[in-house]
Amino acid sequence: MMNDKIPEYLIIDVDGVMTTGQFLYSVEGKEYKVFGPHDNDGIKLIRNHIKIVFVTADKRGFPISHKRIVDDMHHELFLVSEGDRLSYIDSTFGLEQSAYIGDGFYDAPILKKCLCGIAPSNARVEARNAADFVTDSKSGEGAVLDACLYLINRYFGGVEIQ
Amino acid sequence: MMNDKIPEYLIIDVDGVMTTGQFLYSVEGKEYKVFGPHDNDGIKLIRNHIKIVFVTADKRGFPISHKRIVDDMHHELFLVSEGDRLSYIDSTFGLEQSAYIGDGFYDAPILKKCLCGIAPSNARVEARNAADFVTDSKSGEGAVLDACLYLINRYFGGVEIQ
Amino acid sequence: MMNDKIPEYLIIDVDGVMTTGQFLYSVEGKEYKVFGPHDNDGIKLIRNHIKIVFVTADKRGFPISHKRIVDDMHHELFLVSEGDRLSYIDSTFGLEQSAYIGDGFYDAPILKKCLCGIAPSNARVEARNAADFVTDSKSGEGAVLDACLYLINRYFGGVEIQ
Amino acid sequence: MMNDKIPEYLIIDVDGVMTTGQFLYSVEGKEYKVFGPHDNDGIKLIRNHIKIVFVTADKRGFPISHKRIVDDMHHELFLVSEGDRLSYIDSTFGLEQSAYIGDGFYDAPILKKCLCGIAPSNARVEARNAADFVTDSKSGEGAVLDACLYLINRYFGGVEIQ
């Protein structure tokens, strides 16, 4: 049966959720991340229903994620290590008030304990097993649009298409 | 049964149709899009039968698409937002005169209302469900050649191979 | 039954055979091609048995292919358009003396007419249908090693592994 | 039945194990390799149990691998050609003391002769057939985390998740 409580926050992990998880290295270090289509359409559909925040544990690639999420998409992005993420989310937003999209080994306990946990189809098996919903799409191929449509249908009365 | 009316325009969405849909971000922003093989072969096969135009909703990546489509492939490219695309196509080319290849959530109504709607195999489910034809190939892996061969076989008497 | 005649030339298309077929575009144009692992191992295994030459139809990306194939791998590379390729190969090397690895729509007649035609598993359907052998691996993921092992087993007495 | 002897070394091939195996070429040559998510999580989980070293046969791309493995991940990296790798590992670390993760044609004999051989799911068939364990994930998509979890479960008493 569906949970009646409606999440106040949608917390989205960047790497492996908004990106394919892969990064391009040159002799200069980590230079590129691979973002995909469709996800921004989903974020636009849901942003009036829920407060959206992004988290990342990638210190070295933080400037790249910042450029995309903060400068270009105008959302908030927090740098939180994997080990601190569960307690950070709980103390800052409240696990019980949050929907969370994550893909990694250390996301599994967050996905299990938050109000609504979602994992991309190519997430770690530990994350997929802990999630309430696994998207049809892979990360970097529309997983976040899938997640947004799921949340809109579950909590916010569905989407009206033209 | 096949539609007897022959399209005058072939309108091709760039991102997710001519490209994989993915883009590479650095600290400088969106820098690369991933185009694939085969599609130019398809465009050369059909260009004497139909007027080809390209559309994109990607403002930030427009200079990249312009370099590929206009400077290097010598086709017309129009920047039209997703929300305006249906009415833009209808008023400029006429939906009833147009074949359209698109992959996104907002392409679904266009694909449904145009004369012949085509979606790559990795398009959003909403686009695939709205299309007359779904290609065997993914975008960036020959979807546009598939689409051109389909249109040539359906409307223009088929292809002669050596 | 196996063909008794042994090919003198192994002609390898670059794009979509040695690469994934995809290329990265920036505002500066075509900048990167994606090569893969394993293929050089195959070329080293077969190079004492057969004369290897590479062909490409990609004018704009020729300097990239040249850097990889000629400068770094020390093989010959010829720029030949798709339309001219069949007659070029026949007049220069002889189709009946050549094994050919190709992936495109216009490679189909060459694959059919050469002594031994090979297509990567992700080649165009027209190329796969025309080939004597379709590799297990995709291009950019070891298709050329697969092809070399096939040729060594068929014509050159097999490979001895340690 | 499980082998009772516990490996002292975990030797990890870089290309095709820590990366997708693919590399991006420009007119300047080999410029980028594609690393993936999750693997560093696995290395952190196992590094207190076993001595970890990396090997690569890629001379031309060595500075890129060095940047990632040595400068950024703070591990040891050895440049050893494919032909020398088996004897190098045996004389330096001892095959009987080593777990090895490799993906290539020339890794097959090492995988067979070492204490515990592991291949990513997209490794060459020769490597997969020679390995004790084939990961669920592809290289560049978490194969090394899979391998580390396997080794921890087999030799080091399993992982405790929160």
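When the chains are written out, they are named A, B, C and D in that same order, and each has its own residue count from 1.
FYI, a residue touches a chain if its C-beta (ideal position, glycine included) is under 8 Å from a C-beta of that chain, and two chains touch if they have at least 3 such contacts.
Quick caveat, the model's predicted, so the values are computed rather than measured.
Visitor: Going by the contact rule set out at the top, which chains touch both chain C and chain D?
Guide: Common neighbours, chain C/chain D: none found.
Visitor: Which chain lies the greatest distance away from chain B when centres are computed from Cα atoms alone?
Guide: D
Visitor: Determine whether chain A and chain D, two copies of the same sequence, contact each other through the same residue numbers or different ones, counting it as same when over half of the numbers at the interface appear on both sides.
Guide: The interface is built from different residue numbers on each side, given that under half of them are used by both copies.
Visitor: CA centre of chain B versus CA centre of chain C: separation in Å?
Guide: Each chain's C-alpha centroid was found; their separation is 29 Å.
Visitor: Chain A to chain C: how many Å between their CA centres?
Guide: Distance between chain centres, rounded to whole Å: 42 Å.
Visitor: What residues in chain B touch two or more of the other chains?
Guide: 24, 31-32
Visitor: Could you classify the connectivity of these chains, where an edge means two chains touch, as line, ring, star, complete or other?
Guide: Graph shape, chains as nodes and touching pairs as edges: a ring.
Visitor: Across the complex, what residues on chain C touch chain B?
Guide: 15-16, 21-32, 60, 82, 86, 103-106, 108-109, 122, 124-126
Visitor: Looking at the complex, which residues from chain D come into contact with chain A?
Guide: For this pair, the touching residues of chain D are 20, 24, 31-38, 41-42, 63-64, 67-68, 71-72, 136, 140-142, 145, 161-162.
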